[in-house]
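This report concerns only the one structure given below.
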Amino acid sequence: MANTIRKDRIAQLVSRLTDYDVYGPVEEDGVFLYRRVTGPPPPGFTNSRVPPKSIFFPQTETMMEFEKDGTGHRFVGAREPERAARKILLLGGRPCDVRAATFLDRLFTWDYIDPYYVDKRERATVISFTCTGPMPNEQCFCPSMDGSPSGTEGADMLWTDLGDSYYVEALTPKGEAILSAGGDAFGKAGKKDAGAAKEVKAAADERITRRFDREGVAAALECLFDDPYWDTVSEPCLGCGICTLLCPTCHCFDINDVVRKGEGRRERTWDTCQAAYYSLHASGHNPRPGKKHRQRNRLYHKFLYIDRNLGIVGCVGCGRCIANCPVNIDIIEVAEGTKTCAEARREGAGADAKGAA
Amino acid sequence: MSKGTRKRGKAEGVGPAEAPRPVGGRGGPDGASAKVHAAQEHNVYLPVTATVTKIELEAGGARPIRTFTFEIDAPAEHARFLHRPGQFIIVSQFGTGESVFAISSFPNADGVIQVSAMKVGNVTGKMHELKVGDKVGLRGPYGNDFPVDAWKGKDMVFIGAGIGVSPVRSVYQWVLHPDHRKDYGNVTLIYGARTPADLAYKEEFAAIEARDDVDLWLCIDWAFGPKGPIEGDAQPGWPAINMKAPGETVVPEGKRRFTCFVPQLVEVVKPSPENAIVVTCGPPIAIKFITQALAKLGWTPSQIYTTLENRMKCGIGKCGRCNIGDIYVCKHGPVFTYEEVKRMVNEF
Amino acid sequence: MPDASAKEAQVRDIARRWLASGEVRYVIGYAAGRGNVARAAFVRRAGDADRLIWNPTCVNNLTLFLREEMLRKLAKGEKPDPRPIGIVVKPCDSKTVVELVKEHIVDPARVRVIGLTCEGVCDPKKLVGTEVGPHAVTADTIADKCTVCRLHNPLMADEVVGDEVPETVEDDYSDVAEIEAMSPEERWAYWERQLSRCVRCYGCREVCPLCYCAECVFDREKPYRWNERTVQLPENLWYHAVRAMHLAGRCIDCGECERVCPMDIPIRKLNRYLEKKAKERYGVEAGRSAEDAPTFGSCDVDDPEEFIW
Amino acid sequence: MAENDSWEPKIIGFLCNWCSYTGADLAGTSRLQYPHNIRVIKVMCSGRVNPQFILKAFQEGADGVLVSGCHPGDCHYIKGNYHARRKLTLLHDLMDYMGIDPGRFQVSWVSASEGHKFAEVVTRFTEQVKALGPQTKFTGGEA
C-alpha cells in the first residue's frame, strides 16, 4: 500500500500542490526554522529551534481589527480579519512536534473552541519525517514520554528517509489527498523499501539514550508544593522565557491591544509563565512573585495540572528546554529529583513520627 | 456539598455558559464539551459592541469605584448574554485592552449588563473616563455560578466588603426578586465600607432597608489613629460596637448601622448556620477574617460561598495564567465554596 | 597551559577555608553541569566545596547571582546577614564586579572574590554534538569573546588563582568593522535578518549582570506599554536598539547575551560597536576601574559633536 | 521613497524649555516662515531626552525626530546638554550602524535669541527627512 518519493521529485510534488501553502524547515544562520518552502527539507535537519506549533499558533497573531466611528478617531467595535482559505502543508515535522500539536488540539478545544487555532489546524495536512541523520540526538527522550522517533500521532503522512528517496505512508484521508495530488511524483513502494524503512525506524529507536523515569513524579509533586526543593532548583534560574517559548506543548498567550498610526488591532502573542508580569494583578499583587513559584508552576503544570484537566502530560521529550537553557536546568533532573526529595521527606517524617512515639 | 456533585439549575440561557462544566479541575474534555462545540458558532474572543447608558460614582478617592450600565447594541446578541449569578464578563476598551469584572446586575435577557469597577489599571483607568453614549466591547458571560437553585428553602446571608459586594449583588438581587423571594428563607445582608460615602449602591440599599423581608446591616470602618483603629463612633449615627468583644455588643432595638469592620459586624449579627448559606466576597484578607468570624458561630466551610479572582486574559481556560494549582479560576471558578478554597494550593 | 585541575583544587581550598571560618555566607562558583556547560553552584558548607570545578566549560558569568543577592529584598522576618558573599570569577567577569561597584550595586565590603587567571574558555555552541567531557580550549572551540579578550588576570580579587598571564594583542574590533564596511542598505538587511528571528524570550536581558532595573521598561504596563509584546521586526528592533543603548558604555563584553540567545542573534556585535564608539569618542572603557566615572554620568566640554547643527 | 508628492513627513521636536522652545517662540512671533511638519514637545532640558523617546517616536510613526537644546555652556542646569550630547551622539551612531537612516534624527543647539536659526534648522531637517521618504523600519508599514 505504501509509496515512495524520490528526493529529486519533491520540488515537483510541491509545485503540484497549488492549493497549499507549504511550510518546512530551513536553515537560517545555523538555526533551523519553519518557513514557507518550495522544495524538500534540507538534508540532516534537526529539531527546529522554534517548534512548528508556530504554524497553527503563530507567536504573534492579529485576533481582530478595530472599527472607527464617524470621527475616525475613536474605536467603537471589533471585527475579525478575513481568514485565509488556503490549505496548509507542513512538510517535515518531527514526530515529537507533531504529537505535541495533538496536545494543543485538546487545549484549544477544551469546552470552548479557539477559532484561530482550530481554523488553521483544520486546514493543515502534516507530514512527519522519521528521525534520521543527526536526529534523534543526545537531548531526545520521546520514548519516555510515550512517543517515538517514527511516531504517527497527529500526522497525516509519515515519510522515512531511505537515502535517495523517502518511504511514504499515508495515514489519513488528508494524507491520501497529498498522494493523489502528487500523482506520478510518488512511486509504489516495494517489499525492499518497506524492510529498509523498518530498519531506519529501528535504528532511530536505538539511538535514543536519554531516559526519563516518569513513574512516581506526579505522586511526588502532590506532596512537594511548599517544599524548599523549589528554592534549590530555581536558584540558578534566570527567569527568561526560553524553556517555555521553545516548548512545543506550551500554549500560554497574552492578549493586547496595539494602536499604530491611528489603526488599532487586538493581537495575541505567546506568553511565558516564567515572566513576573504573567500573573501580576492590576493591584500590584502577584500570586507567583518569585522564580521558585514560577518554575514550580511550570513543572506542576506539565506533569500534574494538565494531566488532571486534560489527561495528558505536557512534554513530548523533544529536549529543547534542556538544550537551550542558559543555566543548564534539566527538566528530567528536576522532575526525577522530586521523587528522591519526596522519598527523603517521607523518611524524615517517618523518623520524626518514630521519635515522637 | 462535595466537589463535582453540585447541582445546576436547568439551562435557561444558550451558549457555552450553560453547559455542565467540570468543577474543581477533575473533568475531562469529552462529553460535555461536544455539546458546547455545537453551540459555539461565534468567535469566542470577539466582543460585541455595547453602549454605556449609565455611570454612577460609588466611591471617590484615588481609586474611585463606578458602576457602569452597558446595553448591548445588537438585539440578536441579547440572549447570549443572559448570565447566571456569579458569572463574570470581559469588557473591552477598544485600543486599550480587556478587563474582567463580576457581573453585578440581575440576570436578564434585555442585553443590560452592569459592572462595578475600581480604577486600578490601564483599562479601568480608561473606563473611568467613559461618558454615557460611549462604546465598549463585551464578551462572556464566563465561569461557573452560584448554585441558587440548590439553595432553595435555605436562609441566606450575604456579606460584602467594599467593592467586593458587586458579585454578591447579582445573587441577592436574584434571591430578593419577587419571582424568587418565596423560594428562600430569611435573608440577611451585611455590608461595610470605609466611610458612609464609600457605601456602594446607596439607592438600592435604601430600598432594601425599607423592605420587611430583608435584615440589612451596615457598617463603616473605625477611624484610624497612628496606633490603628480608634475606639468610638467614626461618624455620628454610626455607634461603635464593643471593640474588644464584638459578640457581646448590645444591639439597640432596630439599630442596624455601626462603626466596626465587616468581620466584627458578623459577630454582632450572629447569623445562624442552621440550614443556611453564606455568600461573601471581598479582598482575600477580609474573606479570611469573615470566615473566621463565621467559624466562631458554628458555620462550616462548605456553607460559605465566595468568588476568587486572578489575572486573566482569555477567560476560557486557554491562556494559562489564572490557575491556582490545577484550578483555572476562569473556568472552574470564579465561584467556590470555602471548603474548596481551603483545599487549593497556597498560591494566592 | 597551566593545569586546570591544579587551579580547581586551589579554588576548592579557598572556598573551603572561607566557609569553614564563616567569613563568607556562601560561595558562588562553578559545578559540573549536564553536557558541556558548567552550572552555577551555591556552596554553603565547607564540606560541599569539592563540588566546585574549574575547567574550560566554565563560560558563564556568575556575577549575575551576586548582583541578584545584593538587590534582593529580605524575606519576612529575615535578619540581614552582614557577611560577604564569595564568588569565583574569570578576568572578564571581574570587570563586571568592577562595573557593579562603580554603579553602587555591589558594596566591595560585601563580596569576597576568588579570581582566576584565564586564557580563554570554550563556547558551548561550538561543542554541540561532541562527546561530553573535558574539552581543551583550541582554535575550534574557543569562545569568540576570548579571542578578543585583553584581560587575562582578574581585577579586584581577594585571592588570585593561577600565575599571571601576559596581556595579548589589542582588540581591533574587526567583527564590528565588517559591518561598518557595509553600505547602509546592507547593514539594514543584515540586522533585519538577524532581528526578525528574535523570539523575545528576554534571555539576553535576564542573563546580563548589568541589567538590574527594578522594573524593566520592556515589562512596564502602567501607565503605558513602551514596547508592544508583538514579536515582529519593528518591536524586535526597538527592543534590541534600546537594550544596546542601556548598555552603552557599561557593557564589559562577557558575551553572556549572545551565548544564551536561542536564536543565535549576534548581540555582541551591537554591544561591541557601542563599546568601540564610546572608547573612540570619549575615551571611556567599562570595567576598567571602579574609580572611573560612568560613561553617561559624566561629560566633557570637548566631547565631539560633528553631527549636531 | 514617496511616490506621492503630497506626502508630508511628520517630525517630532523635543525642545528645551529655556532656549530652543523660546527660540521657536521667537521664530513664531517674528513671523518667520518654516515648514509646519514639526510637532513640538517641550522638555525642561535636552538632557531629559532619553534615547528611547526618540526610538518611541519613530515607532509611533514619526518620520524624523529633532532634539534641540541650549548651546554648550549655556545649559540652565549647567551640564544637561553635555549629557544629552553624549547619549544622543551614541544613539545616532547606533542608528547608522543598524542601517536605520541616521538622517532622520538630528540634534541642534538653538538659543532663545536664535529664532532665525530655529527656522533654518527646521527647514533644512524637513527637507532632509522628505528626501528619505516615509519611515517604515520602526512601524512595519509599507514605504
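For clarity, chains are labelled A, B, C and D in written order, and residue numbers in each chain start from 1.
We take it that a residue touches a chain if its C-beta (ideal position, glycine included) is under 8 Å from a C-beta of that chain, and two chains touch if they have at least 3 such contacts.
In this text the structure is predicted, and so the values were computed from the model without any measurement.
Any chain touching chain A that also touches chain D appears here: C. Looking at A-B and C-D side by side, the one with more C-beta contacts is A-B.
Ranked by separation of Cα centres from chain A, the top chain is D.
Distance between chain A and chain B, defined via averaged C-alpha coordinates, is recorded as 39 Å. Chain C and chain D, compared by their mean Cα positions, are separated by 35 Å.
One inter-chain figure worth recording: chain B and chain D are separated by 52 Å, centre to centre, where each centre is the mean of the chain's CA atoms.
Between chain A and chain C the centroid-to-centroid distance comes to 31 Å (mean Cα coordinates, whole Å). Of all residues in chain C, those that touch two or more other chains are 221, 232. Under the contact definition stated at the top, the residues of chain A that touch 2 or more other chains are 254, 256, 271, 280. Within chain B, contacts with two or more other chains are made by residues 121. Taken as a graph of touching chains, this assembly has some other topology, since it is neither a line, a ring, a star nor fully connected.
Of all possible chain pairs, the ones that touch are A-B, A-C, A-D, B-C, C-D. Those residues of chain D that touch chain C in the shared complex are 51-52, 55-56, 59, 72-73, 79, 82-83, 85-87, 89-102, 106-109, 121, 124-125, 137-140. Put simply, chain D touches chain A in their complex at residues 59-61, 139-141. Listed in rising order, the residues of chain B touching chain A in the complex are 16, 19, 21, 25-29, 32-33, 36-37, 40, 43-47, 49, 92-99, 120-121, 124, 135, 137, 309-311, 313-314, 316-326, 328, 331, 345-348. Within the complex formed with chain D, the residues of chain C that make contact are 179-180, 182, 184-192, 217, 226-227, 232-235, 237-238, 241-242, 244-245, 248-249, 270, 273-274, 277-278, 281-282, 295-296, 299-301, 303-305, 307-309. Taken together, the chain B residues at the contact with chain C in this complex read 121-122, 125.
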